[in-house]
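Each structure below appears as structure tokens.
Shared chain: chain A. Partners: chain B in the first complex, chain C in the second.
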Partner chain A sequence: MTGRGLKTLSIATVVFLMVGFALVFLWVPMDADQGFKQKIFYLHVPLAIVALLGFVAGGIEGYRHLKSGDRRHDANSYVFIHISVTFGVAVLITGAIWAKASWGYWWVWDEPTLVSFLIVFLLYCTYYPFRYAIEDRDRQARYASVFAITAGAFVPLNFMAVRMSESVIHPRVFATSEGGLPDSMLFTFLVCFIGIGLLWLTLVKTEMVGKKVSGQVSYLRRKLHDDGAGGSVGGRIAPSVEAK
Partner chain B sequence: MALLGKDLRTEFRTMRSLPAMVLFAVTTFIIFRYGLDRTTLSGSLAGGVLWTTLLFAAILGINRIFVSELEEGGFDAIRLAPVDRTVLFTSKVAALFIYLAVLQLIVVPVFAVFFLSDWSSLVPLVAVLVGANLGFSVLGTLISSMAVNSRARDLLVPLLLLPLVVPLMIATTAASAGLFDAAGPDYEGFGTWLLVVGLYDGVFLLVGYAVFDFLLED
Partner chain C sequence: MFDATPSDAVGYVFSAYLFFLLMVLVYIAILGAKFQRINRELSELIDELDAREESSV
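The block that comes next holds the complex of A and B.
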């Protein structure tokens, strides 16, 4: 079953992203206020939303791992968080570029979404050192799931607190982002959103396939050196899906 | 209850963390005095100095809360005992809460003597302190129990804890900034921020109860 559907998924991702960016550059009207600069919106916002959903999904998978004890859910949780952190880097970079272009600064502390995203990102960055510092495999998986759940609960709380601290003084820049968006922009946004979502799924699936393959390889290697001297291969820390 | 008593007795006999926390906090005030080059503080600056100091002092205690259990086999004893494991969670949260309360009982008056010209804000501040303590204790217990079994314990506790307490810090500093206002305590938004602190405590108390079991399994 290795990699089944991966090809279809990749093609769908490419198609959606191509159509999305074609719409962004050729069809959708210029923003009246910000002009060309606003087009990064179609990349930045979907990336951010997908990354956050990925974090929450990682928490849900962590919960399922604790409930069922099935290592597959832990691997899912790890991969979800891993890909979402990668997306997070892209979100922060595109966000900084957009901030520089429209406000003149690379970083704006008054923008709650930016700040809360940074905090969430920093929190999830600690997932790796935390996970790698625990040697026992089962304990590592369990603790990582606990982390994923705690952090998943933290995401909405953090956004609320950061937003509250600013809302008194500053109007929300995108307060009307959904309601105020013209149909053409909304449509383009949705296409881009689906494209980015599919990209996330493709990357997740690719990494899962990679883990499955390396799990099989180390299983076979263990079989070869059946005297036990082979042991586990290297000090691999990331969870792998054991082959049957 | 017995567990809590044990923790408190051990702490008061060995004085393992509390004196260090107090010393650390007082020294930090001196560093702030010269770092900021101010002799009196008010408003958000006062709130920031107080809460930063309390947070870092709390981390010192949080780091050590499970160490004695690990070194002297307390975990195994708990696992053997026919009690619910959440009892350990509750007793650790309570012990940490009491440590922090004692710390603040000493450190907050020192802070007032050092920096505040008007002490009337200290009474309403107690509400914020209690709320924040509960949050620190719950999260600290959770994080400490996660990190205690890992190789890089002392490194991981602050690394994991700091981002997680950012919302709590936002709420407590915002609530106390008004209290420390130069023109006397200002209660605008105080209730709302206190509510945020309460919500934060509630959410993580629930999360802690839900997941703590899994941290003790072996």
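The block that comes next holds the complex of A and C.
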């Protein structure tokens, strides 16, 4: 993953987000049940889906790292999880605001959808202390990959368990048995979803470019000082893509 | 179901979108600072390399 196409990706992200939010506030009809506050849906739900997909993608990259031993996959896994955790913060905050507007409470503890997302989020928050508790960079990468695979497999299982559970008040927006979304709302949702997905991809790509350049700078410094340290233990806390 | 007044609902919706926008801007600012640091390190290395070449000539 390199910086190629980053400018195009950034422009596409801004365009999709601007068009999506313009549709939300200027075009899509008001929800008959929730009214204006339902507009948080077009931000909150895409963020949640993209964050969860990012966690699964982090697990896939962890698997590819274990299979190939290529450190780039470990760096990808780290960045996917890192950006998804950041999106997770946004999911929890926007969800709490929507809950307060709709239900009168910032948080409802007996609602499976909310609590399950919080569990997934907290699980991934442990990724950082777990990773940085291991000093040896190779072991750190291997253990982090195992964590990413296990937690990544937990995400869809958790999602299915929540879907099968009896929801108390959280809506099942995409359930066809409950009517689903009208076409205009679905179209607006898809534009916002693509925009948020592109934002995730842009941030991932930018982080990866940073890691690659940072790795090249470290390589140059080692070559210049010829200290033979290798830089594999301690020092940097996040994985970098080392130059050959 | 609890129902926020329409003016409350507008406040909640805009605070959610504003939070998202601020979060993205803060993240971009952090990335910018990181790239500036890398750029500075690279400049230092190039200066060091130039100094070495000059001293060896």
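Keep this in mind: the second predicted complex is superposed on the first by the 212 of 244 C-alpha atoms of A that agree within 3 Å, B and C clash if a C-alpha of one lies under 4 Å from a C-alpha of the other, contacts with A are read in each partner's own complex, and residues count from 1 in each chain.
As a convention for this text, contacts are C-beta pairs under 8 Å (C-beta built on N, C-alpha and C of every residue); 3 or more make two chains touch, one makes a residue touch a chain.
Worth saying up front: this structure is predicted, and the values here are computed from it rather than measured.
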Room on chain A for both chain B and chain C (clash or fit): fit
Touched partner set for A:100, first chain B, second chain C, both or neither: second
Touching partner for A:122 - first (chain B), second (chain C), both, neither: first
First (chain B), second (chain C), both or neither touched by A:7: neither
Superposition-derived angle with apex at the Cα centre of chain A and sides reaching chain B and chain C, degrees in steps of 10: 130
Chain C versus chain B - closest C-alpha approach in the superposed model, Å: 26
Chain A positions touched by chain B in one structure and by chain C in the second: none
Of all residues in chain B, those that touch chain A in their complex: 142, 146-147, 149-152, 155-156, 159-160, 163-164, 166-168, 170-171, 174, 189, 192, 196, 199-200, 203-204, 207, 210-211, 214-215, 217-218
Complex contacts: residues of chain C adjacent to chain A: 1-2, 4, 6, 8-10, 12-13, 15-17, 19-20, 23-24, 27, 31, 34-35, 38, 41-42, 45, 48-49, 52
Chain B-touching residues of chain A, taken from the complex the two chains share: 66, 119-120, 122-123, 126, 129-130, 133-136, 139, 142-143, 145-147, 149-151, 153-154, 157-158, 160-162, 164-165, 168
Chain C contact footprint on chain A (complex, rising order): 21, 35-37, 39-40, 43-44, 47, 86, 89-90, 93-94, 97-98, 100-105, 169, 199, 203, 206-207, 210, 213-214, 217, 220-221, 224
